[in-house]
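Just below sit the structures, each encoded as structure tokens.
Two complexes follow with chain A in common, the first pairing it with chain B and the second with chain C.
The block that comes next holds the complex of A and B.
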């Protein structure tokens, strides 16, 4: 009995020793900030360096929820999420299905589609800015070829979100295609065989076999895409040269958080906004999980 | 007949997709080699009348790229090495050593994955400025030297290595530490390679964090340098594209060499996460 006790004690010490480096970093830079960020959003009067707090309250949340800029950021972000997520999922699923149909150059196409994903967003945004240049950009050349008139892509507010959606779809497509392909290859071939024997049409096979059996992957991709889309920032920051686009049409929630914190030094307001973002993402994730549970019982 | 038609159609769609992906890259390379008088013209020329490699020289001389390169390499290498070491140690403890509070600690760590990183920025900035680390390598490196996602992924791999191996090694008097590095790590090599590759890419391209924790030119990394570069060379797109290519090229080479690993790694990591 004593021996076991001793062994367990030494095991506990050893275990803690092994997890110490990782856990220390995670506690200091992950767990502590989560707690701190939550409490900080209630500080209304404080000295951030000394850590002294003179007053607490709900003022920061009131400020954020009354700030027209925050609503603009919410609106822009929702608009972006609604455009980017469905479009990128449909396109990548389509391409994944094509690649899955016994194509010889399968891996060649795959590696091309994946290329933007490994490249720095900041660098890519600069290329896109040049493509959408109002006078000499490639985009306007295409428009002219199709018989249209030059468009002021980057200074017309109505094009801001569509450009960001296109950029996001372009950049993230490869990643989603690869995840979908992995999901498609996990589906047991015998289902397709028996469907063929029964003479099912291609569309029927897709809706009755592929889609239901792919639903875990589909939910994984949609949840991560929604979370990622809500956090859009780098693209706007570089595409609009450290600004928020014409008439703030590219002001997103993370951009709002960044502005409050980095440009206006309003730490507690920024923390409150960050928490609102967290709650929004949490609600969306929970809704998606709920839909996922009711729809994928296979 | 119908089958060939179908195949042709599929190939056509896939090629259009590939062009859609590649055109911005081709456009970047083409612009970066153009003489100045061929940049701002309509209709644009895809192939320059002569190749101006000068543009790359101008770009390299316009900004302290040596410093930026050095910073990006130092940060990427240290962050990757740091994360892999802490991950291997922690994943081993969580999968093999049976100690008190193990599952509780692991659950708490996993729960933090749900909080978006942006929420943590402000308190982390305050912590770093209290430590006096703002605008230093420490700020760029240390907070990224541990990742619960990687620990989780590697733990799953470690758990698939049979227990008998561990028990046999124990009986032979092999210490845990030796067992970990001489048996577990080599057996989990594919997973570790995946983690290294993903970390190198994300660290090399990281933008938001270096933007916030550095403010002097000496500490900036490549992606940040580019955004500052655009202020200077706003309309000289040939030089700007040359600078962009200087930043993009290392990753593209890295990717071309390791693409098989990267793609299979991402598909595995994605399905598990």
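The block that comes next holds the complex of A and C.
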């Protein structure tokens, strides 16, 4: 018994040793900044350089929660999440199913879809800016061909979120397709064969076999997509020339935080806003976890 | 799982976090202990001679031909001062430079000297991080003579003075001017506008909608996208101003501001003027013949000349005036941080001074689109000859005496950003001018107050 205990002890120690480097990095670059920015969100009067705090309080949260800009950022971000998450999941699941059905040039298509994901957002955004340029863009060329009138894609505030949704869906699809493909290939072929013997239709097979057995993957993708979508920033930043789009129509929560920090040097307000964003994401993730527990088959 | 070990580990994490929390206050360093090898430390605390090799780190945002000119100047300086090494460090564009400076200030790793706008420098001055250059300037050995000082246009020196102390020396200066398409003016038979009224009627005459779709193909005037950042000349010309540097008061909701905004908005609503929009910079449509005039900095001249399509003839003029004829000058200065050693600070001062000698400032002006920071620079034969071959570069030299530089309030940028947001709403016809200005005043004042809290 003692021997086993000893062995276990040394194993635990070894394990801790293994994760030590990664933990150290996490602590220094993730956990410490998180704690620091959380405490910073309570500073109401302080010296940024010396770190001296003269007054603490809830003023920053009050400021954020009363700032119409913050609500605008919330609204824009919610629209974006509502548009981007379902659309990207449905589309990438659809493409994954197609690619899984052994069509010709399978791996070629897979690479094609994956390309936008590995290209830098900045480079992609420049291309998109050209496509949607109001004067000589490809999109407007098509519109004119079809007999329409020039559309101000990038300068009309009502197009901002739809374009961001499209951009984000297109960019992230390759990654999600790969995840879905992995999930699909993990499903035992036996189920499909027996379903075929029973004479199940394609739709029946999809809803009764594929979907339930894919639910862990679906669950993972939906959680990461929601979190990712809430954090949207770089797409706006580059697509709208480091601005927030026409009439702030592309002001998202992270952009709000960025602006407060880097442009306006309101460090503690920015920290408070970041904390509010954290709470929002946490709530959504908890809801998803709850749903996931009851719905998914492990 | 071994609970003891686990709790030990958690304690370790916690203590690591706590150690990290203990911050090192950034205090202006008194480097007296480091100067044991110095020749002499004067009563006013400055060195006047460098005997040991000293490195001066200079952060800047000059790229392309600007950077080349700066590098040449630095090399020339190092040839003349073999003990001083100027380490030029490019930090990206202005905004990136200022972000990095802020982070460096927090980390107590500020460079010896930097290129910086005065409205950014005021924060560092309030934090006591900037070296007062007066002792150097007034020093017999390393300073400037009365004649030399008088040779600096007052507006450039003033831009570096806070409470009577010189915290920055002029570096790359430029003026906000009106660029125009010479041929379009000739064709229409009109003169370059000198007043707001002439400007408006010129814009009306030069705006053209050739395909008749209601959207002009040639706009009369194009303004920069963030028109509020440099809104000051129009407010001044209408008899007002953006804000008060001493009382920190905003003047957004005043009849003068309203007059200026009404003028600008009138141009935009009647579709004879627009902001740059997707063109990003106001000079782009002008260079491509899609606009007759644009408002931009003289520093853009080299880019404009490079990008202008063949057959498009451009020239520049001072901004049209109204009640007054105030002209906006902008551009950065160089400042020295007091976190450096006395030798480094002296080296930085010598380099600051070197950058604005008549020869060197003329050289910089010749190689870039910037203006020389000295009156006598235009007497330098090479520069004189150069101006004759490139008369557009002489435009910015005309208005030094009616020129001014922007306000430097801490948080002033934030307040002007708020004004910009409200103006965008006005231009998009979502808000009336009185309403927008009232909101801008209220929100801007709050932004100014907020900015002072850290």
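Note that in this section the second predicted complex is superposed on the first by the 271 of 298 C-alpha atoms of A that agree within 3 Å, B and C clash if a C-alpha of one lies under 4 Å from a C-alpha of the other, contacts with A are read in each partner's own complex, and residues count from 1 in each chain.
The definition used in the following text is that a residue touches a chain if its C-beta (ideal position, glycine included) is under 8 Å from a C-beta of that chain, and two chains touch if they have at least 3 such contacts.
Quantities reported herein were computed from a predicted structural model and do not represent experimental measurements.
Peer 1: Would chain B and chain C fit next to each other on chain A once aligned, or clash?
Peer 2: Partners clash after overlay.
Peer 1: Considering only touches as defined above, state whether A:113 meets chain B (first), chain C (second), both or neither.
Peer 2: After superposing on A, A:113 lies in contact with chain B but is clear of chain C.
Peer 1: Once the structures are superposed on A, label A:238 by its partner contacts, choosing first (chain B), second (chain C), both or neither.
Peer 2: First partner only, chain B.
Peer 1: On the A-aligned overlay, A:36 touches which partner chain: chain B = first, chain C = second, or both, or neither?
Peer 2: Both: A:36 reaches chain B and chain C.
Peer 1: Is A:144 in contact with chain B, with chain C, with both, or with neither (first, second, both, neither)?
Peer 2: Only chain B; A:144 stays clear of chain C.
Peer 1: Where does A:12 make contact in the superposed view: on chain B (first), on chain C (second), on both, or on neither?
Peer 2: A:12 sits against chain B and chain C alike.
Peer 1: Per the contact definition in the header, classify A:135: touching chain B only (first), chain C only (second), both, or neither.
Peer 2: both
Peer 1: Can A:264 be said to touch chain B (first), chain C (second), both, or neither?
Peer 2: The answer is second: A:264 touches chain C but not chain B.
Peer 1: Taking the superposition on A as described, I'd like to know which of chain B and chain C A:48 touches: first, second, both or neither.
Peer 2: both
Peer 1: Figure out whether A:247 sits in contact with chain B (first) or chain C (second), or with both, or with neither.
Peer 2: Second partner only.
Peer 1: What residues on chain A does chain C touch that chain B touches too?
Peer 2: Comparing the two interfaces on chain A, one with chain B and one with chain C, the shared residues are 8, 12, 16, 23, 28, 31-32, 36, 48-49, 129, 133, 135, 241-242, 262, 267.
Peer 1: Provide the residue numbers of chain B that touch chain A in the complex, in ascending order.
Peer 2: Chain B reaches chain A through residues 10-11, 13-14, 17-18, 20-25, 27-28, 31, 39-44, 85-87, 89-90, 92-94, 97-102, 105, 108-109, 112, 114-127, 129-130, 142-143, 145-146, 148, 151, 176, 201, 204-205, 207-208, 212, 222-224, 226-227, 230-231, 237, 240-241, 244, 247-248, 251-252, 254-255, 259-260, 262-263, 266-268, 270-271, 273.
Peer 1: Would you mind writing out the residues of chain C in touch with chain A in their complex?
Peer 2: 1-2, 5, 9, 13, 16-17, 20-21, 23, 25-27, 95, 99, 102, 105-106, 123, 127, 129, 213, 215, 225, 277-278, 280, 411, 413-414, 417, 421, 424-425, 428, 430, 447, 450-451, 453-454
Peer 1: Can you tell me which positions in chain A touch chain C when the two form their complex?
Peer 2: Checking each residue of chain A against chain C gives 8-9, 12-13, 16, 23, 27-28, 31-32, 35-36, 39, 43-52, 63, 129, 133-135, 149-150, 154-155, 241-243, 246-248, 262-269.
Peer 1: Quick one: which bits of chain A touch chain B in the complex? Just the residue numbers, please.
Peer 2: That would be residues 8, 11-12, 14-16, 18-19, 21-23, 25-26, 28-34, 36-37, 40, 48-49, 95, 98-99, 101, 103, 105, 107, 109-116, 118-124, 126-131, 133, 135-136, 138, 140-141, 144, 170, 173-175, 178-179, 181-183, 186, 217, 220, 227, 230-231, 233-234, 237-238, 241-242, 254, 257-258, 261-262, 267, 270-271, 274-275, 277-278, 281-282, 285 of chain A.
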